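Both of the next two complexes hold chain A, though its partner changes from chain B to chain C.
Take a look at the complex of A and B:
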């Protein structure tokens, strides 16, 4: 009896509650987009003097005029971090867009055409996943001459395999469906069928994939830059900042690592949260929770 | 288009079929013809391969041996297939992510009059497939293949899920339409009364299928 009442009550709460899955998802997406836009706009319009060298102001701990402190050359860490993160975000957006389109095209082509194309795509996926990810990133970035271009190409070229697999699996599910077969018999070409039947089917999983790819791309950009195979040291980038701060952390200059790290973490977690919520909302099994 | 009364419209020549190499034959040496103007019923027990034959005739599957001869030539794989199949599961034959209007117009633009005769309500056009019953969906599945390019209709148990009045209504339309357009008709059913009512010839499937058991 009491269990029944509890059940009824909790269901009522769910129905009346403000935070349903849809609201939560929109909130996360909104938060993530606002954060990224703020950083991007701030970073683009920023005059380089804001994070210029000033040897008179070395190693200042966080205070009102320098909220994130300054580094060993007297550069303001607040502006430098923002500029760095905006660089990283640009890389992340471009790389995840390129990677995901790549994945969409390959996954759909493999599943729709089958046969040798499918085997070739699977072979490429295995090949790409077989090499340690960071290693591949470093190799490609190094080959492309490092810098922004190298990082971007490296990150864009290495993030497609997982999404390709997901897209392929999703298309395979409906490839032999009766309505797809009927569509072929009604004289539709495979391109038309791909566009009208397959793409709408994979779109939810694809969108979630893109959103979850984005933090991955930023993290990897920061990682290879940190290891010294990405941006050159004079470019403000989160990876550069973090790797420089490692030299000073032992001497108690904690702010050089903590604040840029937190900024990066916030971007990654916001997008991860948005992606996870989107996943739960778009999955028919949990969409009505 | 009208065909001569005696000419063979559709012919199954020595068709044998199995789904995989390690599974037993489903169909063996099937020889079967439908002349122009004929309406043929195919009757037989469940699981005897009637639907498989229907799929082969409509080009969904390729026979392992033998061939389907359509109007004197081989059935082409590309383009609109003149032989259209209507299945027994309408909910599987429509894309759940398309609205009904789009589903109906996938290959031709049906006239108002036909839709009215089929009992398709104009307000259903904006609905999703999940919002219609099986019988209502089936009417869409039938209406969408009654276009001018369809020369032969294979109805695989299309009215099993319908009530008797709707069955009568739909068969009335199908019969009228096939007669008007000179379409061939192959009906697969368990309902002998229906077969006698609609078709000019009844074929026992077990006599067709030469499986050595």
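Take a look at the complex of A and C:
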């Protein structure tokens, strides 16, 4: 009983107080965007000297002049981590953009046209989801010659199936709606109907999908780079930094792993938070789940 | 919200789990891991790298072909002065035409299975390897015509053509018993005449050996040794917690302090160099009819190669890359009987700069890198991605030669890709062995592109080829050594390799253990294993 009252009360607070769902979502998105933009811009224009080699300053623990410490070649971990994360974010943005457009096109086409196209798209989705994700990433990245190009293609080509399913399901629902049927009867072509009725309807779910894809893409980029199939070791990238730091953990150089890891974690969690809140706001029904 | 907290918790557990897993080495079996605990007064546990684990222990298939005693003995072996001495053989003679080698064998030696060692076992071992040469990539008997029993304790080898490094071959091949040999069993449990008997071998986990009480030079003082396989970091963590008596470490770890252990830096003949492609860019068709892209527009200029050799500050490179562990090297080491140490002053930045200026390499656009006819004085150097120390070395060199106006981009990749890249770009190599055949391997022009990793610089010099042939076919050991030294002088001025450092192998050794530094041989290239060359002399301090 008390639980129910508490639930009602907190719901009420949410509705009336300052931190309502809309504000919360806005706050999360704002925070995520600022964080990413800061890192992206900082990393973009950073001169390579900032994380250059300085053998005189090997293995300095975090201090005022090196907030994240330095590594085995005296490179400043703060600048290196920022540069690395900005590289990862670029990959994440491009990959989630490509992946989501792919998903939108396939999902809508499958649902609207049906028949053989639908079966084909479903088959592709099953195929992609049938192979362990990391394995597929490694395979594609290796095939594309690794490096930045390999990772980008690999991450972009493997993140569409879930979103495709989602979009397809949504479109299937709308397709049987009366107004859509009416449009068909009035002689509109399927392309027009898709553009005017379908896309606007699936847009919310699509946008949430994109936002939620983004942390996935970053994580996967870091993961395959960590395993040695992504960015080459001379590029500053979070995966490279983390895998290098593993060599020095045994001797107690904890800062080489902790701070870059936290930076990555923060980026991923901010976007996850933004996506989750967006989902609740745009799709109120999920509150009943 | 709960979900998120759970997520954070999971991340935390993952991270700490990763950190702690290094310490997770489990003690195996009853008392196999001696450690520094009680009741381990004659048992030790060692980590000496990964070298054992990738192949068979059978000498016939290339197991332990390092030239020192372990489970099996060869006919001869290397001593701490890098000279050959009799092992199973008492003495040997070489005929005038250098085609016939006759070995007198020691008498009364027993194999670990109790059978007597005679000439027949030697013949059996060599004939088995000759018949199955394809299985043995370490000991090359292609120059051997036949091997025969003269009497019970005399063996005669007849060669197809004069081959002066044959003595080295007989040091590499351990003798197996003719009666008890079983190709399958010997992969894991070889039987030999050596100071150590295999008790248990679990591939890529552990190798346990026990002292051979009947060893003909006296039983080893340590009675049981366990070798464990793990990665370098895990081994270091285990050493930290006192579970290992000997731990190989990378030079960068040698500055650490461990309680109850000391650092031993042991002399080696292991040299790191960067190959500098000597040919002009173009295509090359080898004997096999394969056409490959070869050459590099920058390193094909001899003045660039020389400028690198005299301009780089080797000591500084060693300080930066290896925390000062290792010795500057300009060629092969002087602990080799055939080594011709080509000492010269390095770090001559001005002279190197002048040399580059004279040859048209001038920085015109002010970016700190020289150009000649629009070509930047820049090239790539490749290192294998599984060897951090080579990467560090290459990075330190790249930093060092920036001042000369030469730009080196360091890349890491797989060995397969390196084999291909070595025709057109620099590669960090590690070489060091007793046999002077390494010179043939690196400088003989006909090896280029035919064998992977041989003559990667594409070096071609008729005089060097002739001298190598002369050294190989020399009648006398002394003549051969003189010829090998001459070869080194002949290629010196061409600098096809940028020699950098003679590495020192670093180990943490438990304070209770004496590894008999006096009888250690200079270590060949061998990823840490060579420390066991004199394990029979090791003892636990009272």
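As a working rule, the second predicted complex is superposed on the first by the 269 of 289 C-alpha atoms of A that agree within 3 Å, B and C clash if a C-alpha of one lies under 4 Å from a C-alpha of the other, contacts with A are read in each partner's own complex, and residues count from 1 in each chain.
Quick note on the criterion: a contact is a pair of C-beta atoms (placed from the backbone, for glycine too) under 8 Å apart; a residue touches a chain by one contact, two chains touch by 3 or more.
Quick caveat, the model's predicted, so the values are computed rather than measured.
Enquirer: In the superposed model built on chain A, check whether chain B and chain C fit or clash.
Expert: fit
Enquirer: For A:249 in the superposed arrangement: first (chain B), second (chain C), both or neither?
Expert: After superposing on A, A:249 lies in contact with chain C but is clear of chain B.
Enquirer: Which holds for A:179: it touches chain B only (first), chain C only (second), both, or neither?
Expert: first
Enquirer: Which partner does A:187 contact after superposing on A: first (chain B), second (chain C), both, neither?
Expert: first
Enquirer: Comparing chain C with chain B, which touches more residues belonging to chain A?
Expert: C
Enquirer: Determine the nearest approach in Å between the Cα atoms of chain B and those of chain C after overlaying the two structures.
Expert: Scanning every C-alpha pair, the shortest chain B to chain C distance is 32 Å.
Enquirer: Which chain A residues lie in the overlap of the chain B contact set and the chain C contact set?
Expert: none
Enquirer: Touching chain B in the complex: which residues of chain A?
Expert: Residues of chain A touching chain B: 177-183, 185-188, 197, 200-201.
Enquirer: Can you tell me which positions in chain C touch chain A when the two form their complex?
Expert: 4, 7-8, 11, 15, 18-19, 22, 232-234, 236-237, 240, 252-253, 256, 319-320, 385, 388, 391-392, 395-396, 399, 409-413
Enquirer: Using the touch definition from the top, list the residues of chain B that touch chain A in their complex.
Expert: Result: residues 58-60, 78-81, 84-85, 87, 89, 92-95, 97, 106-107, 145, 149 of chain B touch chain A.
Enquirer: In the complex of these two chains, what residues of chain A are touching chain C?
Expert: 53, 55, 72-73, 228, 232-234, 246-247, 249-251, 257, 261, 265, 269, 272-273
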